[in-house]
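So that you can tell them apart, the chains are marked A, B, C and D in the order they are listed, and the count of residues begins at 1 in each.
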Amino acid sequence: MDIKLVSSSNKKKVIDLGNGVKIGDGEFTIIAGPCAVENYEQLEATAKFLNKLGVNVLRGGAFKPRTSPYSFQGLGFQGLKYLRDVGKKYNMKVISEIMDPRDVERAYDLVDVYQVGSRNMQNYSLLKELGNVDKPVMLKRGMTATVNEWLMAAEYIALEGNDNIILCERGIRTFENYTRNTLDLTVVPIVKSLSKLPIIVDPSHGTGMRELVATMARASVVVSADGIMVEVHPSPDNALSDGFQSLDFSMMNELINQVDILKKYMNELE
Amino acid sequence: MDIKLVSSSNKKKVIDLGNGVKIGDGEFTIIAGPCAVENYEQLEATAKFLNKLGVNVLRGGAFKPRTSPYSFQGLGFQGLKYLRDVGKKYNMKVISEIMDPRDVERAYDLVDVYQVGSRNMQNYSLLKELGNVDKPVMLKRGMTATVNEWLMAAEYIALEGNDNIILCERGIRTFENYTRNTLDLTVVPIVKSLSKLPIIVDPSHGTGMRELVATMARASVVVSADGIMVEVHPSPDNALSDGFQSLDFSMMNELINQVDILKKYMNELE
Amino acid sequence: MDIKLVSSSNKKKVIDLGNGVKIGDGEFTIIAGPCAVENYEQLEATAKFLNKLGVNVLRGGAFKPRTSPYSFQGLGFQGLKYLRDVGKKYNMKVISEIMDPRDVERAYDLVDVYQVGSRNMQNYSLLKELGNVDKPVMLKRGMTATVNEWLMAAEYIALEGNDNIILCERGIRTFENYTRNTLDLTVVPIVKSLSKLPIIVDPSHGTGMRELVATMARASVVVSADGIMVEVHPSPDNALSDGFQSLDFSMMNELINQVDILKKYMNELE
Amino acid sequence: MDIKLVSSSNKKKVIDLGNGVKIGDGEFTIIAGPCAVENYEQLEATAKFLNKLGVNVLRGGAFKPRTSPYSFQGLGFQGLKYLRDVGKKYNMKVISEIMDPRDVERAYDLVDVYQVGSRNMQNYSLLKELGNVDKPVMLKRGMTATVNEWLMAAEYIALEGNDNIILCERGIRTFENYTRNTLDLTVVPIVKSLSKLPIIVDPSHGTGMRELVATMARASVVVSADGIMVEVHPSPDNALSDGFQSLDFSMMNELINQVDILKKYMNELE
């Protein structure tokens, strides 16, 4: 069976986060922040820096899906509250992952965009719950999901009534073990031809290596993605999770510069 | 980090379902029934047949995780009630998949074993909820999960207090497209060397072709699996889901005969 | 396009190696020997042992396809000569891998079966050259080859005139990294339904761990493979290649005992 | 073991094809032409068109590695002669795939760059033969090869004495079946950090869909690839092989325009 509600036979969807922040309107949105919210200070310092660079969507994980139960699991709702507070302070929209359908309602006032992680792309209870709220959902691609499986997961959300969905490519599992995942940029034009939904790229998880993030961010602009989501940390080597793929402030600054130059190209191309 | 509670450094776990039905005690357990509970009559006819063959664990899906929201989604709690009623009538233990942590408590009186499906192997909210009940859990391997990721998922359940866990190999995703999945029988001796938990094999999902099920069931005996889970339907070609991989009664009868012969071999070998 | 010459619409093929050694006639053939021929003494000791156990096909690599050019590359034609000499001494048939079409003619008097390795499954120049000799060819499955691609490779050989082809399943590449490859036993009944060619299983490469070889050899009998190919070394820990997956003599002895018991089962089943 | 001769610890390699055509000198080289040489007229028309656009390296397959022996196998040496003649007429350098080590010498005067296809990345006899000629070799990545396996294959060539090697990313096999392969652009910066060799991208095989080729060509510029190889055909829908991924002249024209705009960006970035 085919997708219906999220198919490209419908009008292109622009996701409005409020305060003039939109995803899918032709602008290239940069979402950035730490992999995990570790404490208020870490988050605040990151947001302060990003805000100066013009970034207006802040990410930060509070519920962390970790392979091992002995790894850092995130700060939970306390982390979401830090996110909300810091977001307000710097007038940034905030996004964070929710894993449990029971947390959707409680998190409603704490996030501007709900994120569904790769492991939960086919967690249908969660998808249905998110289909019943009136806030945007960012749906990450499953680790080995095909485009069809991914769009069908989006259809689950839309069918409940909420088609404010942003897709996020974050790399797929391949036999290449030099990188954490293999970023599939070809999926961007494919999704745009098949679906009405905007799509952003996560080059941090998609590569798992900070020295590759800026290069793949540039490529994301050029394949006409609607934005990127990037992990940034004040001190990546001391991060509680995924520090190896997090940019420090200096690298993030350089990334923004490169992306800005490329945006000019995209304008010239049109 | 390594597994602790479910590692083979602990005493081998035998899962006691009550009424003398045990998994992991050296016997080869056969779990069988329809992919989905479609109605009372279908389930009752299947159970009646299986019961005569000596099968004492009945499977039947009530919550069906389907790629498309437009596919048959199962009967939900009504399906679980049919399962409970039919199980009682034929004195069979029953197993069914739960996908939502909010359903765990309500399903408590309706199932003897909770099943976690492949798509939910890393649904940590669900795993933790199941770690807090005192009923066995069957944890299916994720579609591309490594052994380590799978055992770590079991560790999540055990860490909450419930180590009554049965692992179930159901095939992994590979490039071979002739079969639905590639059944990985080597994982059986590997799991037995690494973990205290019993492991059963699902040759129905593992192959996706009914004509291959009996052959792979035989092989499952020989690699020392603790049992198999097989899909059986009174009329596979009319099944609402996965009929192509379901056995009819005659094929199921033949499978049991073959397995019985092989069990003699296993006794001779020891 | 479909296979023609090697399809199951033709009469089942029995490969006659001479001296009464046949593959595909209903017997379960055991091919064994070292991964690589290292010197005369190593090979002679292995053959002497295997011969006592009733094994009558000896394997030994002379041209070794290694990922790194700095790894041991094999003894080349000198290795094939040792193989021929030892085979004659113990009246065993011999099989070895050829990688270069220019070596086919020169190796003609030195081997009884030419082996095509996984990396060369689609080396069409080599396949065509082997299609023009009147000796059997064992065609190993490519690392990520589908059944169709594999049978098409066999068709290349047959189309040149030589349909004395034995297929060999040796494990496919998957995301499971605990084992070297994932042995796909389901392919045995599939190949038997699609093709007239016999198929044997290589549990040594298929698992890459010596402690798993006997278990998967047992399973190979039960899925009706026509035989197995196993790596045996007088002193596996000192082997020049793949020692970790080679059996010592004691393990090989035990494997033969287990296989013999299972053969009785197969007779009972028919 | 690690790569030595092709590692980035050596001086960056620039491949000089003569007549001022260089790969790896900071320019972005466009190689283009039909998948297969079908006849003189088809090739001549393509070259005439490409030459006007400034393309100075012409591709065209004469030996076609096809999964089925019943598919069009190419014109062989006659195809290489057409390639040579047309190349001379338009003063273009020519590249074509060789599959058999016995053809290397005979093809010496017919090609400017030998191509090794994906299926032959680990055909060590062929690699060694090409290591002994004094012409450049383009080594395509194997369908599921890791970066390490790929660079090790290059090392085989270099170890024989020829380090005039161009790497070519052409997509890897993944579970995504919407595209023929998954183009792995991240491998470009990785290869540049690990190896001294230049790398070009093949977006035609890498996507298998003509409508995606220009987008991925643009992205190839931005990740700092040394060039692209693109399939172009006067009448793609009538091509004897891979027409679905071949550009017609109008699409090729547009691709060149887009690439030219991006090159300006790359200059601005440096």
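By definition in this document, a contact is a pair of C-beta atoms (placed from the backbone, for glycine too) under 8 Å apart; a residue touches a chain by one contact, two chains touch by 3 or more.
Owing to the predicted nature of the structure, the values given are computational and were not obtained by experimental measurement.
**Q** Please state whether the interface between chain A and chain B is built from the same residues or different ones, using more than half shared residue numbers as the mark of same.
**A** same
**Q** Measuring between Cα centroids, which chain is at the maximum distance from chain A?
**A** C
**Q** Could you work out how far the Cα centre of chain B sits from that of chain D, in whole Å?
**A** So the centre of chain B lies 49 Å away from the centre of chain D.
**Q** What whole-Å value do you get for the distance between chain B and chain C if each is reduced to the mean of its CA atoms?
**A** Taking the average C-alpha coordinate of chain B and of chain C, the gap between them is 35 Å.
**Q** Could you list the positions in chain C whose residues touch two or more of the other chains?
**A** Counting only residues that touch two or more other chains, chain C contributes 144, 148, 173, 175.
**Q** Spell out the part of chain B that touches chain A in their complex, as residue ranges.
**A** It comes out as residues 1, 65, 67-71, 99-102, 119-120, 122-125, 143-144, 148-149, 152, 155-156, 159, 173.
**Q** In the complex formed with chain C, which residues of chain B make contact?
**A** 144, 146-148, 172, 174-179, 182-190, 193, 206-207, 211-212, 215-216, 218-219, 221-224, 258, 261-262, 264-265, 268-269
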